[in-house]
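Both complexes below contain subunit A, partnered by subunit B and then by subunit C.
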Partner chain A sequence: MKEVLYRIFVKRQEKYWWMNILVPVVSIFIALIVGAVFIASTGRNPFLAYKYLFGSSGLIPGPYFKSHFSEMLIASSMFIATGLAFAIPARAGLFSIGAEGQFIVGTITAAFFGYYKPLANLPTIIHLPIVLLMVIIAGGLWGLIAGYLKAKKGINETIVTIMLNWIAFHLIEGWLVTGPMKADVATGVSGTPYVSPTAKLPIILSGTRLNISILIMLFLVYAVWFLLYRTVFGYELRAMGYTAITNMEAPKIGGVNTEKRIMQIMFISGAIAALGGSFITLGVLFQYPPVFEGGYGFDGIAVALIGGNEPFGILLSGILIGALRTGATSVQLVKIPKTFPAIIEGLIVVFIALHELIRYLLVKAITKKKEGVSA
Partner chain B sequence: MKKLLVAVLVVGFIVSLFAGCKPAAQQPAKIKIGLVTDVGGRGDRSFNDSALRGLETWAAKVEYVQGGGYKALSDEAFNASIPDDLKDKGITPLNVEPIVLESKAKEDYIPNIQALVEQEHCDLVIGVGFMLAGAIGESAKKYPDTKFMLIDSTPVDENGNTVDLPNVVSYLFAEQECGFLVGAIAGYATKTNKVGYIGGMAIPPVLRYEAGYRAGVKTTNPNATVIGQYTNSFVDASLGKSTAVSQMALGADVLFHAAGATGNGMFQAICEKGAPYWGIGVDVDMGLDPNLCPDRTLTSALKHVDYATYEAIKSVVDGTFKGGVITLTLKDGGVGYAPDHVKDVLTADQISKIESLKTMIINGTFTVPTDPNEVETWTPPTNF
Partner chain C sequence: MEALSAKNIVKRFPNVLANDNVSLSIEKGEIFAIVGENGAGKSTLMKIIYGLYLPDSGEIYVNGEKANIKHSRDAINLKIGMVHQEFMLIPRFTVTENIVLGDEPRKFGFVFDYKQAVKEVEELSNRFALVVDPTEKVENLPVGIQQRVEILKILRRGAEILIFDEPTAVLTPEETEELFKTLRKLKEANKTIIFISHKLSEVMEIADRIAVMRRGRVQGIVKKTETNEKELAKMMVGRDVVLEIQKVKTELGEVVFKVEDLTVKNQRGVVALKDCIFDVRAGEIVAIAGVEGNGQAELVNAILGFLRPVKGTITINGNEMKFITPYDIRRKGLAYITEDRKRRGLILQYRARENIILGNHTLYPFSNKGILNDNAIDEYTTRKLEEFDIRPREAYMKAQNFSGGNQQKIILARELSSEHKFLLASQPTRGLDVGATEFVYKWLIEEKKKGIGILLISLELSEVMGLADRILVLYKGEIVGVTTPEETNEEELGLMMLGLKRKVAQ
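Up next, the complex of A and B:
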């Protein structure tokens, strides 16, 4: 257990291991305080804002806790997916921001195999795994495009993934959803047809929408941790990350097939993001809607940043961002715009990005105290 | 270590502070009306704002304060908010309490409806737009004691089948009829014999607009061609602007949009080009909106979402609410066209022809096609 905690939080060889937890927590608190100042400056009550924001976020027990809690976990599982999708390449020194595109590729793939007639009569136990497998393959291949170009042609993966996001977006919303995959107008449905009931994710808490997506993500968080710290693959991945700035010379000399690894990493990253996207189709909307707001892929970058690119850190930050998203709309009940929680999220990211400064101040404050005591 | 202990205690204290809070129990003195906007949200200047006018301005007689909250509305402002063609409908305040939840994403619709029903105990929950068809269908099944109103669509259940529920009233509009009239006006107004059409997405209400518009142009100006495009977005004003600019470059001099906030970009393009280009607004009278382009707004295809919203609220207040589908047409004033600059462009003879077309539709002398593909084979009335 101690070793696990050590692996999770002690990667920087901090003098105090709890510094790795304290820095994000302090950053979040500073963000909440600054957010309160924003609210107070418009003449509204910041305590009321936080009461409604967290009261319906699913983090704190209260009225309607069950439904808020399940909504929070539904949102969190998607943020954890995109967070992991960003973090895995990031640990290998690859800055992939293609989770947004891979996410919607997963969403549309799940929709297609969900309503595809020849599969529709199979039992859930067969149909759902087929759909998820197809999602993993499609999302992985979408991620692999950037990985291949990076590995074989040396093309910057950041630029390629940005462009692939737009290609995915226009391919899906501009063509597939309004063209070949459009539902029959006579059914009164806009967007793609609804998926067959056998493709829906099983509900694990009756009376709510909570489905097995969070269990899948919990397993994946563990799997990614195992991959990173318990396999040769993970060792080589981290070695690439540490030497990314020197073009991965050291691992190459050490016998790591970096080209192969880059492609594998991008495939895994794309597959996880796509899996997150499939949760939308199979657990929430049951179709690909004509307009999909998305944004999960980009929020995933924030999730990975807050979580320090660590699988278990991403689990916690994914839950935090999921909770903010769940509580977001209810602040309108106390006359605060729905964009307020997005401000909080942005502030958290800002203060996390400033973590070196916060770390420095914290270390200074604490060591000063200690010296004072010993002196 | 002491500092850490203090920090932990402070955290614990703050958390318990929030946990102890419960929504204050209050007895509802007024009938509560909940409204969930689609992702376009407040400030789209057309569809959502129109529904909000029906609820906030007319039924509740309050004014929204930017950022959140309401203040009372003066009688002058109330009277000024009612368009001329609805003056005789007897719109009076209904003493209701509005609770509006905007949605950040499509996933928010059901949680928002749930909050309105379970937390706020609303008597009527209004879903604005076809995008809420699924959310309203699922929720109405779950909460059979709450009344629901759905605008522009009929409810669908979680398997995508249209359902008929006793506690849901769906308001549909004959968009093809008002689209036809503005199309007829555009047919007279064009000098280049080319008119433009910008659609948001190819969904049934927008397709009805397009069908009516094309039929209208065909009726008054058989030689004119319609340059039609779909932007696949209701929210992208810059895309609307570039689409409008390219249509003007192709020679279109009268442009009509049914594209929500995307269409705001069309008016921006027209304002920058100025004469001889004309724009035609949609859903609400955009010629009255100083933020768009009132000087170059020829007319607007009116679709009284506000009136439909008001009627549904009134039925709940009166206790006459009944589930089902209600289609508002030219005949009952649910759709129409705005006068704006029509007088400056069309001759008196042409205006009287437009009016007689309107009468013919009301009397059922001819029907306007609802599918753009039917316009090709549709026979327009003659002598226009």
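Up next, the complex of A and C:
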């Protein structure tokens, strides 16, 4: 343990490594201040708004804390999933914005294997893993399409993933949900049928909806960190990312099979996004609704950005975005639209994007102080 | 008269004192050379004079007056000009457009007067006898002429003090000669020239006075007439340097590398290499001499699998390389030292330890079942840093923070430690100072003694003559000369490199 800490903190060789933590924190803080200015400029009370926003976000104990807390973690686990799905290819120099499509592929796959009759009578311990496995395969294959085209044909992965988002969306909402997977009219359900109780994610906090999805994501965050920093796979992945602008020549000469790696990376990314999508079906809605309010995939880009494409950073930023969304409804009590937290989210992204400037100002402020002391 | 002087300049970067109390005085109308190893602080000093860095303390005087240079604008106003190592030209623009950019002649105050600009450039080029075609696009010009455009650009701004930051690093020997003629003409026109280099032979040829820098300090300032290369090298490195290469005779073994009828087209679809036939045997150094751009890059890319040959075969250790991709090559017993350290040799953001295992990272003990073994990597890196004298001995420092010479040592440590019988060394000493060059030569000879077959691609004739057992001369993608150092001399090689002479055994 001591050695690990030594490795993390002492051997880093970067002068201001702790800036990597301080800069996002400062960015979030500035975003909150600017957000307060926005509210004040409309004549409303910013302190009250933040009190309601964070009071019901699940971060700070208060009334109904238990339910807010569980709602926050349910939302967070999905944001963490799509955040990781963006970050893994990003670390390899691939700009994949296909998490949105992969997410709903996961949602629909979970719905199908959740209500699929031959499986419905199996116990949860067998049924649920089968569903999740199918979700991983389906999402992974959906991601693999872009990976294959990139690796073998050199087609830009960003454009392919955008296109695949639309293909997934129209295939599911335009055909599957209203066609082959439509619920029996006699049941009076619109959208797909409800999943069997054996496919639902087990609840871990009684009296709430909080299920094991957050535990799965905690494990995945650790697994992705391990993959990135402790395995040959991660070593090659990061090497590819650092040399993406020079056509990955150095890793290729170093014996990295970049084509194979690109396909593997896109599969993993798609699988994780789809897993996030399955939590909707298996933990919240229990079906694929006729009209699905998505956006988790695109929010994942913001989550990854705020988290600096680091697994543990994404864990924290995913919880932050989850908390903002959970608290969003309450701000209406002080006559602020519930889209207001989205403004804060946007501001955070803006200030994170300005991280070089913030880092520069912080370093300058600190070095000046030090000089002042020594003088 | 004193044109420029620096007094007690101190500049500190994190972890390193780049300029430690540097004082220099440069006379008007002289060619003043500054030599030193990579990382000795030459470039830092020039960047301070040109206003790109601010010194921590110290003063600069221009024409005897204290100058307050805070920005390169200030330097230009004081008639200081700088020719950078990487040219600041826009390839799509013509020579004239590049030269007048930022200070264009105008009609009616706002219309760009191209004709007037061309006239000005012509007049300027006549005055300094720097021949250029003002209407040619820069992208079509060879590097030597591009540099000339860069010089004209700063002359047009009225520069009296011209700083050249390693101007010959990108030039061929002929282009270097041309540059020296230009420098002498500029000297006749009473311009002051500061010439930064680490090539001692060039400095001895062109400079009037020479300042030697080492570890941020000025070791001494000498007149050219009062010194020699050996003494300069000693001042630069701090110990005696063996510049001559000791010839080693080795037993030649089996053929480890062979190309037959190799024809390669480059990315633009032009035949860049035509029907090349040669082989390399164990314990032998075969050198490919030639002016850059005569097919060397394509040869390397074909061997590495980046380009697929149109015709012919490449054989390494008896395995024919067919439909090979770059990552397969590593397993065929090939080691590769590259001139393009930043692009091909290293992953700059990776630490020394991560770079030093690249290529072997899948092998035990560095990884086991796909999981990296940090302790084994650390232990190995520490050992290799010691063995190859890589400084500083920091396994956790990023590759980009090492000096050029030490970056090359990291590559050597990696490549020479991996399993191989054939070594492809593509301009292994490009951009290296004398100390590092000597080091590379030493290791190449070690390899040769071990019975490794080496294909050396080089632009430096002295290197070719000193190291090679056999010399092949490449001109326009063809082998126009096959010879040995004993049978030839530098002049003859030069003629063959320019395509003026052929010497191929029938």
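Criterion: the second predicted complex is superposed on the first by the 361 of 375 C-alpha atoms of A that agree within 3 Å, B and C clash if a C-alpha of one lies under 4 Å from a C-alpha of the other, contacts with A are read in each partner's own complex, and residues count from 1 in each chain.
Here is the rule we go by: a residue touches a chain if its C-beta (ideal position, glycine included) is under 8 Å from a C-beta of that chain, and two chains touch if they have at least 3 such contacts.
Just so you know, these numbers come straight off a predicted model, no measurement behind them.
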Subunit A as common anchor, with subunit B and subunit C clashing or fitting: fit
Arrangement angle, subunit B at one end, subunit C at the other, subunit A at the vertex (C-alpha, nearest 10°): 140
Which superposed partner A:Pro129 touches (first subunit B, second subunit C, both, neither): neither
Contacts of A:Ser56 with subunit B and subunit C, given as first, second, both or neither: first
First, second, both or neither for A:Pro251, with subunit B first and subunit C second: second
Which partner, subunit B or subunit C, touches more subunit A residues: B
Touching partner for A:Pro202 - first (subunit B), second (subunit C), both, neither: neither
Touching partner for A:Ala328 - first (subunit B), second (subunit C), both, neither: first
Subunit C versus subunit B - closest C-alpha approach in the superposed model, Å: 20
Subunit A residues contacted in one complex by subunit B, in the other by subunit C: none
Complex contact set, residues of subunit A against subunit C: 7, 11-13, 15, 230-233, 235-236, 238-239, 242-243, 246, 249-259
In the complex, subunit C residues that touch subunit A: 14, 304, 306, 325-327, 329-331, 336, 338, 343-351, 354, 358-359, 361-362, 367, 370-372, 374, 394, 396-398
Contact set on subunit A toward subunit B in their complex: 18, 42, 44, 50-51, 54-56, 60-64, 67, 71, 74-75, 173-174, 178, 183, 185, 187-190, 193-194, 197, 209, 280, 284-287, 289-295, 325-326, 328-330, 332-338, 365-366, 369
Subunit B - residues contacting subunit A, complex: 3-4, 15, 18-19, 21-23, 39, 65, 67-69, 99-108, 110-112, 114-115, 118-120, 130-131, 133-134, 153-154, 156, 158-162, 201-204, 230, 232-234
